[in-house]
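In the part that follows, the structures are each spelled out as structure tokens.
You will see two complexes here that share chain A, one where it goes with chain B and one where it goes with chain C.
Moving on, here comes the complex of A and B:
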């Protein structure tokens, strides 16, 4: 079943047309990877989905779980169950680990959606499950998030999203700037989250690492989709890999 | 905030229990975290303060009362400036507005101090709803200028078009205050056990309101609202992406800070039995910013110290021979030195010294 359906969107930064007639769909429960070189439009695509402006979506539709979310503001889209974990500085560094997680409770609180006619599909992962998933965070509950290592901050950002009833977790460059052994830990976390039923859309420059965990891949170039298919197919397609990914 | 973080503290403390100074630091930090400790510290503070102030610092009780009143204003202002990161340059409109509302209410409806206080505060809250709704459309400097504009509009309104209500430039002189609860004369003396510390009933009344205000601010800052405010201060965009309705929380912070300004403004009218037109002037908006920054933005107690120091220089130092006439200059120098040496204000300095003594703070 299709959870997210992006249909022929055109995105602009001012007058520059950076997303061109881009379509993609993400199936429920899968890990989908958006790959491509720097400037290919990967992050911009995530921004379009999450409701950020710019880019300005001038045509095309984005549907999530059957609902048209193209023109909704980011805070409403987040409440619908799409979480974006942006590149770098993903957490509130002045707040402690527990307080960062606690923000999700506030968002989930019914009172905060009043007048917005929005509802949560489920309750999100409980705090105790989160701490079991991420024992490092458990040890650092009262520590300011800004004092965590890059990998721990990434974990915390993912944990916060999970705590908030996320159906689609969008990760922008989750491996960037992390040491190899930390990449492995983040990778495992992503796998477990996926097994627990959360759909994942991942943007990554590190194509090799992304192909390892993805079910389906899209390769972007200059704002257009140049390849789509199962990860194994991309693994085998040396021509596309050479031309667009350089691996 | 949830009780989760606190579970971890005793475990950490018992591990390091052997080390005496470490144990002391841990015990101190646990003491600080409890709400009852905050209230207790405030009660002790307001009880001891007039004694020290009057006997050692050349002060007098009326000024001590005024310091607490401005302190309440500053504590509320810090919720907006220090915790949410919004600089309002028009809070005099809530301070003076509440003072006028309280004064007019006392003259024409009821002169019961508690009702007068309530009337002024409610007026400030309603006014903040409107002013905040309009000003918060824009961020940063535009917000500061918009609030300043509303503040000045109120000043000119009170000065002439509404002079039939406010008595224009003469200020509102018909404030009448009845005894508290019908029996306690606010301008009278204090019964025995309390009279060791304080000599004036009005101070006791203001002190009780101060303690309640600090307790309320503490509660707000430790609630989910407080966490959201700090998240917004750090990064508004990110807070939006988390799913928070940022604009609404900013409006809430604005209204909460105005409520404190309203409490303080009403007390100001009750204390002075008079509302000067100057209470709406933009310099009052500037004073509250200076007090808050001087005391330490983003701290609960800091603004109380800032308000105290500001008024001390304005009222006591200005009375010194030769030096006195330069009190504005002295205030400026104190401000610059405080900000350069302790960017987190007086409270930042106190915390720094405390950490030196207790060997650092783990949080």
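Moving on, here comes the complex of A and C:
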């Protein structure tokens, strides 16, 4: 079943046409990877889906679970169950680990006072489950997020996203700047999250690492889809890999 | 008078002078830090607070201005000072909320220069409207009965009771705002919004309501500053603009968005100013606070307690 359906979107940064007639779909329960060189439009695509601006989506439709979310603001899209682990993690550096996680609770607690009818498909992973999943974060609950190592910050960003109501987890370059053994730990975390039933859309420059865990791959070049298919097909397609991924 | 008594008197007066700066700067700083909005109308909120305080407290005779020309001889409802102290922050909170919704909000995404122009224009309108209606002459603001006259303190001797009142009221309010920001979910959202607004929204948190409240609280603090500061000097239409510059200085010295920073910086400026005046260098007091500001900002461009990310 299709969970996310992006249909022929065009995205602009000011006048520059950064996403061109891009379509992709993400199936429920799968890991879908969005690959391509730096500047191919991967991060911009995730921003379009999450409702962050810029880029402005000027044409095309984005549907999530059958609902058109193209023109919704990011806070409403997040509540629908799409969470983003952005590039460079963007944890709140002056807040503690526990406070970073607690922010997601404020949405649930304040649902009424914010004047919104919130109808979560699920409640997100509980705090105790998160600390069980990521014991390092448990040890560092009262530490400021800015003092964590790169790998720990990545774990916190993923944990924060899982603590939201998450049906679709979007990860933007989760391996960036991490040492090889930390990459393995993050990879394992992503596998476990996927096995627990969360759908994942993964953006990665490290194509070899991404193909290892993805079910389906899209390759982008200059804002357009140039390949789509199962990960094994891309593994075998040396021409596409040479031309667009350099691996 | 001993030297010790002199020093303590300067410190206490400095604390009182600084308290007014702190009240103004805390609101200005959280608005600037959280909403990234440069509010040059913050002094006008102080001015409104002072005039509203006068209006609620007593009966003020009118000698010139448009209202006098229309034959109105006095204004005021005479409910007393305590009523003013309670009502003014509520009314100015509402004014702040209206200002956010109808003026500030549409300027959040526009350059600082646009924000400065529109808020400065608003400040001038408020100031000149008051001058046109009520006349430009200075009005004495009576001290509250329960806090007038001197109090006898050890070592120092007699000290104006109201000045201690100003320090106490400021301390209570600033601690209250600090607790709100540090220990509540509302405060957590505001702090996170100050650090990375887009990320907060991506977590599903709607920021328009918290921003409205932040603006209202900042405005209410400026209104209170007008009421407690009023009895320390006369009230006239220029006092808002006069307070705006030291308030901004306090914000940048303390570090944008930092309540503790505004407190430390406000008390430093107040004490320095009072020290120069009471030691016979009154003419140098303005030079002194700007020189202090320049030295601090040369050494720490982000302000005393500001984090480096805030500079960008």
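The rule is simple: the second predicted complex is superposed on the first by the 238 of 247 C-alpha atoms of A that agree within 3 Å, B and C clash if a C-alpha of one lies under 4 Å from a C-alpha of the other, contacts with A are read in each partner's own complex, and residues count from 1 in each chain.
To be clear about the criterion, contacts are C-beta pairs under 8 Å (C-beta built on N, C-alpha and C of every residue); 3 or more make two chains touch, one makes a residue touch a chain.
Fair warning: this is a prediction, and the values are worked out from it, not measured in the lab.
Asker: State whether chain B and chain C clash or fit side by side on chain A once the two structures are superposed.
Answerer: clash
Asker: State whether A:70 touches chain B only (first), chain C only (second), both chains, or neither.
Answerer: So A:70 meets neither chain B nor chain C here.
Asker: Looking at the overlay, what does A:127 touch: chain B (first), chain C (second), both, or neither?
Answerer: In the superposition, A:127 contacts chain B only.
Asker: Contact-wise, after the overlay, does A:32 reach chain B, chain C, both or neither (first, second, both, neither)?
Answerer: Neither partner.
Asker: A:84 in the overlay: touching chain B, chain C, both, or neither? Say first, second, both or neither.
Answerer: A:84: touches chain B and chain C.
Asker: Is A:43 in contact with chain B, with chain C, with both, or with neither (first, second, both, neither)?
Answerer: After superposition on chain A, A:43 lies in contact with neither partner.
Asker: Can A:199 be said to touch chain B (first), chain C (second), both, or neither?
Answerer: Neither: A:199 stays clear of chain B and chain C.
Asker: Touch check for A:93: first (chain B), second (chain C), both, or neither?
Answerer: Once the two structures are laid over each other on A, A:93 reaches both partners.
Asker: Do chain B and chain C touch any of the same residues on chain A, and if so, which?
Answerer: 50, 52, 73-76, 78-79, 84, 86, 92-95, 99, 102-107, 109, 116, 160, 164
Asker: In the complex, go through chain A and note every residue touching chain C.
Answerer: Within the complex, chain A contacts chain C at residues 50, 52, 73-76, 78-79, 83-84, 86, 90, 92-95, 99, 102-107, 109-110, 113-116, 160, 164-165.
Asker: So in the complex, the part of chain A that touches chain B is made up of which residues?
Answerer: 50, 52, 73-76, 78-79, 84, 86, 89, 92-96, 98-99, 102-107, 109, 112, 116, 127, 141-144, 160, 164
Asker: Which residues of chain C touch chain A once you look at their complex with the stated criterion?
Answerer: Residues 185, 188-189, 191-192, 195-196, 198-207, 209, 307, 309.
Asker: Which residues of chain B touch chain A in their complex?
Answerer: Chain B residues touching chain A: 1-2, 4-5, 8-9, 224, 227-228, 230-231, 233-235, 237-246, 362-363.
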